[in-house]
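Here subunit A shows up in two complexes: once beside subunit B, once beside subunit C.
What follows is the complex of A and B.
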């Protein structure tokens, strides 16, 4: 190589150097821009949901003096349970409102006045009286939840500068509420209802307990079914199965199943579990079965990857000191692969927690008021509850929807945090 | 030691799975003490209110209501008699002859039909713009895929209208932009059938087709343009309201109860001279409203506890009356006479016969 050539190469390198640096800079910039963009979207999403959802954790109550006279209730002095259940509690609430504002005479105004108190408040009263029937004939003070519009007004969602015709909350209602506020008869409290009750058509009475329990029951079934089956499949395929065409076909199929749209599993569940095995519709057991079909491939694939990443030297050493194949797998390989398997399982479960499409087919997209207690009780799950609330006209459900999303996100973050923790704790490097 | 624990844990899990699977058959349904309701998502917001009340004020469990759509619900309902089949299906249209025949073929012979009220479908825009007065003819001309040639020649051409003022000089000079539900939605079906077809019939050249060539008539009247003027926004009516708020020039199509709840954000357009109100929908002068029904299986009365009481609760004046709680939720009540006669026929469990 002559001196001339040498100088040329250096020049060549030097001249391209700038371009190469620029390229790297550009790449870094794009990467950074991508991350910033996604973080911004995430932040916007989380902030809007939190801002919308936060008010739902508080509820407005109104203080009323209720007189439970048998005449208004439409019962006799010592009513039986059925009569107590049917009694006209709404009438007593209306009377007590009229007693507060005796000037209200017109029918339309009366109707507006009654709307201050929630439609569901009568059932709070009903529960109280049914627990203690001796209250009949007494007068007592009670805090009852306010109606949806009133709650919206107190939270400042209603623009009172708009002309009255365009508002759902009218001038006289504003006046009444302001009077009540001055008398300290209106209070904001923590919304226990939201965590203690099932679904309702009154936003102020709706809670997520029903769907939360439904999700838990469903996920328990999913976990109990998919985890052992998936781990057993992975161990067999990875450690014992001969490598031939059959195992290849099985492998391809498992990978394909992981990519099947989830609604297909719902259709399968409808055909097999409900139509063939006659299991009840809307039951967590069927939901769990369907979701475990969906999560199985995810767990199998991650379990196989985890088993594969255990170095062969571990197996050789164990075999070398006389362990049987089974002992090698269960005493050495599986424990070392466990963190990876658990991570895969938790991610699969988190996926199942957020799933709605397959549940539509098996009847879990439903209005269910009672909190499910067994695997065959009708139930719905958290994401379905969110979907249903988002579809209802009442304004109060907007904040309830966001609040339910917050709860669902909290669960997902918790599950993913557990996955990260397990991986950190048990991870081994060779 | 650790390895032993892990394998023990796995063994325990597997056993529990085995028991779950084995007990699976034992879980098969033989009795049910809860009413099972399926059907229309339009009736859902009303039926759920009744169900909740029913659960609170009687000794029976709160009915379970699945929102499957009218067609899907009818299919489930007509599958047969027995605890594994639903007791009641909600519908935002009357049962079709084919569905009725299917029901009969599967042994669901005695069906109680209940007309519960009406649901108005509204065209609305943001309160920031002016209220618009439309006719069904304007709606058809603005939204149909093919319209009569505006220069008077015979035959249909692809919809050329871009502004409302092109359709009808009295309308504002605004781009036509309508946000509505997709074809899978019952609201869309009803809108097409009532508003579009209603306008279609007012155009002589097309109306003449109704007698001679029914298929073409339907196709022309029921096909909405696909050039981006009509925007499909998904089944969620709340979403449409939000979009109108963001875009004051657009009109949106949604149910009357959403209009009521959002009167601070949106205002209805007049259609054929009428604004959608309780009165105008109830007496039929507002042209775009649809009937709401539910169908109950007579064979299940006495087998599943509470059906009879549910029917009575639904048809009580406190529920479906003019001052009832369903009206509070935005359902348009039937007139008093119809209510009285149908409540009487429900109490007698009169069944439906379709010829």
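What follows is the complex of A and C.
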């Protein structure tokens, strides 16, 4: 190569270099733009949800002086628990409201006055009385949740400049609430109800606990079933199975399963678990089984990839000192593959957590008030609850929907945090 | 190089060549030298190895003696690693690999029905080309084998085994204060000696080494060669190497392979000073390979 040639080469490289750098710059710019765009969308989403959902974590209470006389309650002086349960608490609440505003005489006005207090307040009162029946005959002060419209008014959601006819919260109701406010008989407090109750038709009485527990139970079943089965399958297919037509067929089918629309798993679950095995409808156990079917292929595929990526030199090393195949896998390969397997598992579990379609098929969409305590109790799950609340017209449920989304996201973040922690524990360099 | 040399069979089958590998191998003729020794530790007879349809080893006969280092040399791809991996059945992990012929350890067929490959690998240890310590502590690396085989009765026993193995591998002084650090945090040469310690810890009878120094600098290489020489007192050792000097320094016998065929075997001194086969001569004088 002559000196001339060398110079030419340098020039050629230099001229192409500029083009290459320009290309790199463009690529970087696009990458940054993409990240910025997605971060913006995420931020907007989170901010709107938080802004909308935050009010749901507070609840308005009204202070009432309740006189529990047996006559209004419709019981005798020493009622048994059954009578206590059935007693007319609504009546006592109404009486104490009337006592606050003795001027209210007209039937329609009375009705509006009663609406200040939540329909569910009677259950709060019932609980209190049943816990302490000696209260009967006494007069005491109690804070009770207000109705949905009142709550909306306090939060400033009701435009009082509109003509009275066009709004649900009427002028005299505004007046009463203002009077109560002046007397310090209205207070905003943390909304424990939201975390302590199941679903309800009254937005101020509706809580997330039912669906949260439903999700937890369902996901526990999913994790306990799909993780061991998937990891065992992956290990068998990757480390032990002979490579032949049968294993090829199995592999193709697993990959296909991962692509099956989730609602199909719901139909399958309905046909097999409920119709054939007669498992109860709407139960977390069935939900968990269905979601396991859905999650299995995801975990299997990622677990196989993780096992495959363990360097063969580690297997050689272990075999070389006389470890059996199983020992090689469990002492060396599996721990090294664990971070990858956990990543796949968390992706699968996150999918399962957000899944609604298959659960609709097996009846987890029912209106369920009680908090599930076992795997066979009827239950619903967070995303289904969100879907149900989003469908309801009451103002209170709009907030509740966003609040439920926040709870769902918090659940997800918690699951991820556990996975990250476990992954850290397993992560080793080689 | 303008010297007149007889045309040699090419390693790669280039398109112009009409000959198949089988024909070339046939043209190589019988093995020169004496592959047998008295009282062999391991003995290989008429071994052929196939990777699917492709034959990688052609009818090899070779003995490995006690208290001896035998080196296997030859051009890249001639099947040295393949043969070595047959000796402790590491080839079992390759599904397409098929072995025929007879391989004996102390007169027992290692591919026989009664032989357990796991037990075999405990008796015939292996050190690999690339240092491959487990991503665990140095202590765990060495303790793993003995613990697997239950060679220790208690923790103190195990400590003894670990320390002795590290000492024998000549790495103890460098790591004695950091036994709980990761084996992968060591330098390449230290890692390789750790791997040797790991192999010794299982108290094998034979040690197979596949280019153990190829990733190491001259100083680390010298240490390992010294070590091999010491280990010879207690073990039978087979070493694959690309370094002629190394073969000359550490081994008592040398086997030269070409295209899967054992071309020549004999005393290292004789092979390096007075080779009988033309291919061997070309290889060790650097004209080929």
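FYI, the second predicted complex is superposed on the first by the 386 of 430 C-alpha atoms of A that agree within 3 Å, B and C clash if a C-alpha of one lies under 4 Å from a C-alpha of the other, contacts with A are read in each partner's own complex, and residues count from 1 in each chain.
Operating definition for what follows: contacts are C-beta pairs under 8 Å (C-beta built on N, C-alpha and C of every residue); 3 or more make two chains touch, one makes a residue touch a chain.
It should be emphasised that the depicted structure is a prediction, and the values quoted were computed from it without experimental measurement.
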Clash or fit (per the criteria above) of subunit B with subunit C on subunit A: fit
First, second, both or neither for A:321, with subunit B first and subunit C second: second
First (subunit B), second (subunit C), both or neither touched by A:378: first
Subunit B versus subunit C as contact partner of A:200, first or second or both or neither: first
Touching partner for A:332 - first (subunit B), second (subunit C), both, neither: both
Partner chain in contact with A:103 - subunit B first, subunit C second, else both or neither: neither
Which of subunit B and subunit C A:5 touches, first, second, both or neither: neither
After the two structures are overlaid on chain A, angle v-u-w for subunit B, subunit A, subunit C in degrees (C-alpha centres, nearest 10): 130
First (subunit B), second (subunit C), both or neither touched by A:243: second
Subunit B or subunit C, by number of subunit A residues touched: B
After superposition on chain A, the shortest CA separation from subunit B to subunit C (Å): 9
Common ground on subunit A, meaning residues reached by subunit C in one complex and by subunit B in the other: 331-332
Parts of subunit B lying in touch with subunit A, wherever the complex brings them together: 2-4, 6-7, 10, 13-14, 16-17, 20-21, 24-25, 27-29, 32, 34, 36, 38, 41, 44-45, 48-49, 51-52, 55-59, 61-62, 64-67, 84, 127, 235-238, 255, 257-258, 260-264, 267, 325, 328-330
Touching residues on subunit A, where the partner in the complex is subunit C: 242-243, 311, 313-324, 327, 331-332, 336, 428-430
Residue ranges of subunit A in contact with subunit B within the complex: 81-82, 85-86, 119, 123, 126, 158-159, 162, 166-168, 200-201, 221, 224-225, 227-229, 231-232, 274, 277-283, 285, 330-332, 334-335, 338, 363, 365-370, 375-376, 378, 388, 390-395, 398
Contact set on subunit C toward subunit A in their complex: 88, 90, 93, 95, 118-119, 121-122, 125-128, 130, 132-136, 144-145, 148-149, 182, 184, 195, 198-199, 201-202
